[in-house]
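Two complexes come next, and they have one chain in common, subunit A, joined by subunit B in the first and subunit C in the second.
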Partner chain A sequence: MYFTSIPFIAFLCLTLLVYYILPRRARWVLLLAASLGFYAFSGWDNLCYMAFVILSSYAAGCFIQKTNDQTKAYLAEHKDLPREEKKAYRAAQKRKSTAWLVTAMLLNFGVLAAVKILALPQIGGIFTDYVMPMGISFFTFRTMGYLIDVYRGKHPAQCNLAKLALFTSFFPAVIQGPISRYDSLSKTLFEGTGFSLDVFGKGAERIIWGYFKKLVIADRLLVMVGTLTGTPGEYEGLYTLLSIVIYAAALYCDFTGGIDITIGIGETMGITQEENFLSPFRSLNIFDYWRRWHITMGTWFKDYIFYPISVARPMMKLTKWCKKHLGDKTARRVPVYIATLVTWFATGIWHGASWNFIAWGIANALVIVASQELQPLYQKFHLRFPKMKGKGYDSFQIIRTFILMSFIRAFDIYPGVIGTLKQLSTIFWKPSPAKFIAGGLTSLGLDTAGLIAAAAGLAIVIASSFIKKRPPAIVFALLVIAILIFGVYGLGFDAAQFIYNRF
Partner chain B sequence: MKKWAAAITAIAVTIASLWFLTRLLEPKYTTRPVEGALTGEYYDQSGYNDVLIIGDCEVYENISPITLWREYGISSYIRGSSQQLVWQSYYLLEEALKYDKPKVVVWSVLAMVYDTPQKEAYNRMTIDGMRLSPLKWANVQASALPQEEKLSYVFPLLRYHDRWQELTKDDFRYIFRRPQVSVAGYMMRSDSLGSGRIPDPPRLADYTFGDTAWLYLEKMRQLCEKENIRFVLLKAPSLYPPWYAEYNQQIADYAAKHNLAYYNALEEQEAIGLDWQTDTYDGGLHLNLSGSEKCAAWLGEKLTASGDIPDRRSDSKYTEIWQKNEAAYDALAATQAEELRTEGKVETIMIGEIPQ
Partner chain C sequence: MQELIEILQNLHPEVDFAACDTLIDDGILDSFDIVSVINEINDTFDVVIPADRIVPENFNSAAALWELIEDLED
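So, the complex of A and B:
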């Protein structure tokens, strides 16, 4: 049941209606039933994966919590114990918790890795009908984040199995995030807030906005991307540049559209989820970009992979060794750079077990490391040219970052690492402007009317990003009409699934 | 309060705009195929029909209701549509019985050869014009192809939203009122294209009609029986598609089993007086004006033989309607005759197109 399907919209309306009819304390139960029902639509067997994640996290979380409580109680009872004995007791208890955490993580990430490998086309010959469970990466990461936070004592474990099941399966976020944190989402998820027209309206507006981005813009642009990348040999040079730029716009509208729908649905029920985007195409550099794009994924990898690796015991030893043999500056950088590489390698793998995604991750890491290495050079440049600041320079940085990230994103749309690099190289070595001008845009799968609709939609999205005030309700009425008339849906169209559903 | 007012206004504007846009974007069927307008046109003349003729192009092009009226005083209506399937006939009949109390229902049996939905375009032309009701929804359920979105029959904008790229003057002209296409459901063609040599039809591996077709035929029969309506089976005259002897036998057996009348015009071509060189406009697939008048005269005689259909020619309630129908029919026939004389071909095929 896609977000863009009529059954989903009917399902959502019915859920909202019943949600507000039920007494507040019972609303989360409805959400659980709706979430499991929604996920069951993707296949009953997929529910088994989700059940495994829920049950294993429940068992591990509750055991860790029990161990933490035991530790506190024991130490409170035995205040007069020698410090060494207290430390030894704490360490023994910590080992127990660690064992549970590691076991749960190995099992869950093991299942995730297995399903990703089974979904590889190379394995397709063996498991011909295998389809990766929808959104498995998202709900596995969300729940593992919860477990790590319980282990770290950031919040207590949720020892109500049904509530943990809702946190894992919450239907708007189950297929493409955001990867919410338990302490943040749980504040409103189980609460069942009262109806407020203002809050409901904001949520509904956001849902409409999301559908507009997805159906009017993204699905149209993806037709062009499909043409441009389907036979890459025919669309080289400037067409490749066009392809990566259009893909940037399409992916933005697709992913942010989906997240708008997700967050909007939550808002209509008074449930607050974390933001996943913050005007990413206004980023001044790659660091800024990753603070603004897929924020919840970025913070997940930062909190649960980057920082733990940076401060891990072997890394500390390496830092010491570097300090002794290579100096302070190098010693400060080495652990950060290694953690960066490992984190981005993992991020690449998270997107898919393919060389393209690994190359995508490594490319991000290399640009980040290179940017850090070039920092002194930038500083010298600004000292030499102090007037190189302000809006003009900011615009240059924004365009530079957009193009850079578009190049990196090419690994997502072209086949093979070498194939992608070759395709990108044609932008410089054989731009073929004459062919580009002669071919025009109408040969790329969209007719003139389709191109105008997509361009007008993009213009509205760009213009809206400069408007800070909440538009009047009538604007959203017009957006609904625009979606229904200009949206890519129904017979004769193949409304695409959200790109991030496949992760 | 202000917020509620804004929200209600926005919702009202949206609904009103969507209604208007639906009217604008729906196909008007003012250019070929105009048959898509037939289903909706029925409601304009419902409530006066003693005979309902249900089926596909074999009825709405082969039987002239004006001849039935002029020669026998039968007030009839052809509830036809392109490639109307058996279950579609059933639901159209069931719906029509809410508006009419006919004495006789005539059903074209050619549809028995189809046991599954065929094409979205035909589904649309048959169902779109139905008024919203549980029967329309049941028809959609029975007819929709797997790739079709059933809800789009209730909210046609979901299907036709993309027509904004192909709107014509007619779409704006006929937003609120549609031009009349037929005379009592009959589509007139006055031109002739005689039949050439019809090749022998291919032999089939299996001539048995499908279970779904039988099921809905039986439902039609039972419905008529329940409503005390005489149910008549008709194979209208056409040279193609082939009506095999095996098909004919199955229908004849069914009719005999349930004591129904079954008129096979193919077996009575001489009695009808059909000439396949002058009475068809497309080489034998459909009859033209002269052919349909001959066929109607033959059918009227059969139908009135039992004496249960009243002659309404002296009933002012009916004559008023039929005078209008006759005027429209004669005007269209005259227009087509003039076009044939001056241009050698028929251009005007619907009543609404007749130059004033």
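So, the complex of A and C:
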């Protein structure tokens, strides 16, 4: 059941109606039933994967909590113990908790890795028609984040199995995030807040905005991307450049549209979820970009992979060794560069067990490291040309980052690592402007009307990013009309699945 | 505290670390800076800052970071 399908709209309306009819304390139970029901639509067998994640996290979380409580109680009772004995007790208890955490993580990430491998086309011949459970990367990461935070003592474990099941399966966020943290989402998820017309209206507006981005723009642009990348040999040179730029716009509208719908649905129920985007195409550099794009995934990897690797004892030892033998500057770089490579390798794998995604991850890491290495050069440049600042220079940086990230994203749309690099190279060595001008845009799967609709939609999205005030209701009424008239679900089209559903 | 301010100023000489309390919120310290600071703290104060204490509240100001160091020393 796609977000863009009529059954989903009906399901959502019914859920909202019953949600507000029920007493507040019972609303989370309805959400749980709705979430499990929604997920079951993707296949009953997929529920088994989710049940495994929920049950293993529940068991591990409650045991870790019990151990943490025991430790606190014991130390409170034995205040006079020598410091060394207290330390030894704490360490022994921590080992128990660690064993549970590691076991749960190995099991859950093991299952995630297995399903990703089974979904590979190379394996497809053996396990025919295997489809990866919808959103498994998202709900596994969300729940593992919860478990790590319980282990770290950031918040207590949720020892109500049904509530943990709701946190894992919450239907608006189950298939494409955001990867909310438990301490943030749980504040409003179980409360069943009272109805507020203003809050409900804001949520509804955001849902409409999400559908507009998805159905009017993204699904149209994706038709063009499909044509351009389906037979890459026919669309080289400037067409490749066009392809990666259109894909940037399509992915933005698809993913942010989906997140708008997700956050909007939550808002209509008084449930607050974390934001996942912050004007990513205004990023000045790659660091800035990853602070603005898919924020919850970025912070997940930073908090649970990048920092733990960077400050791990072996890394500290390595840093000290480097300081002694190679100097301060090298020592400062070693932990962050190793952690960056590992983190981006893992981020690539998270997107899919394929060489393209690994190359995508490594490309991000290399650009980050290169940017860091070029910092002294940038500083010298600014000292030499102090007037090269302000809006003009910011615009240059924004365009540079957009182009750079568009090139990296090419690994997502072209087949094979070598194939992608070859395709990108044609932009420089055979741009073929004459072929591009002769072919135009109408040969890419959209007619003139479709192109105008997509371009007008994009113009509205860009214009909206400069408006800070909440638009009047009439704007959203017009958007609904635009979705009904220009939405991509007429003859010859199918409202497509969201791109991030496949992760 | 003065030693800590010096560590921070080696990274960003242009920042008034004694006064600023939005080092993370305003993006003054990024993740690379944080790891560098942790390594320097480890060397200078012989204190290991574990990954679970790397949260904005502990790194938003020099004072908060100093409090964390004192807490870990205890």
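One rule holds for everything that comes next: the second predicted complex is superposed on the first by the 501 of 503 C-alpha atoms of A that agree within 3 Å, B and C clash if a C-alpha of one lies under 4 Å from a C-alpha of the other, contacts with A are read in each partner's own complex, and residues count from 1 in each chain.
Everything that follows uses one rule, which is that a residue touches a chain if its C-beta (ideal position, glycine included) is under 8 Å from a C-beta of that chain, and two chains touch if they have at least 3 such contacts.
A quick note: this is a predicted structure, and the numbers were derived from the prediction, not measured.
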> If subunit A is used to align the two complexes, do subunit B and subunit C fit next to each other or clash?
Replying inline: fit
> A:455 contacts which: subunit B (first), subunit C (second), both, neither?
Replying inline: neither
>> Taking the superposition on A as described, I'd like to know which of subunit B and subunit C A:18 touches: first, second, both or neither.
In response: neither
> Draw lines from the C-alpha centre of subunit A to the C-alpha centres of subunit B and subunit C: what angle do they form, to the nearest 10°?
Replying inline: 160
> Now for A:372: first (subunit B), second (subunit C), both, or neither, which partner does it touch?
Replying inline: second
>> Can you work out, in whole Å, how close the C-alpha atoms of subunit B and subunit C get once everything is superposed?
In response: 35
>> Per the definitions at the top, what is the overlap between the subunit A residues touching subunit B and those touching subunit C?
In response: none
> Which of the residues in subunit A come into contact with subunit B in the complex?
Replying inline: 6, 197-198, 201, 447, 449, 472-474, 476-477, 480-481, 484-487, 489-493
>> Help me check something: in the complex, which residues belonging to subunit B touch subunit A?
In response: 3-4, 6-7, 9-11, 13-14, 17-18, 21, 25, 120, 147-149, 151-152, 157-159, 161-162, 164-165
>> For the complex, give me every residue of subunit A touching subunit C.
In response: 152-154, 287, 291, 302-303, 306-308, 310-313, 316, 319-320, 323, 331-332, 335-336, 339, 372
>> Using the touch definition from the top, list the residues of subunit C that touch subunit A in their complex.
In response: 27, 30-32, 34-36, 38-39, 42-43, 48-52, 54
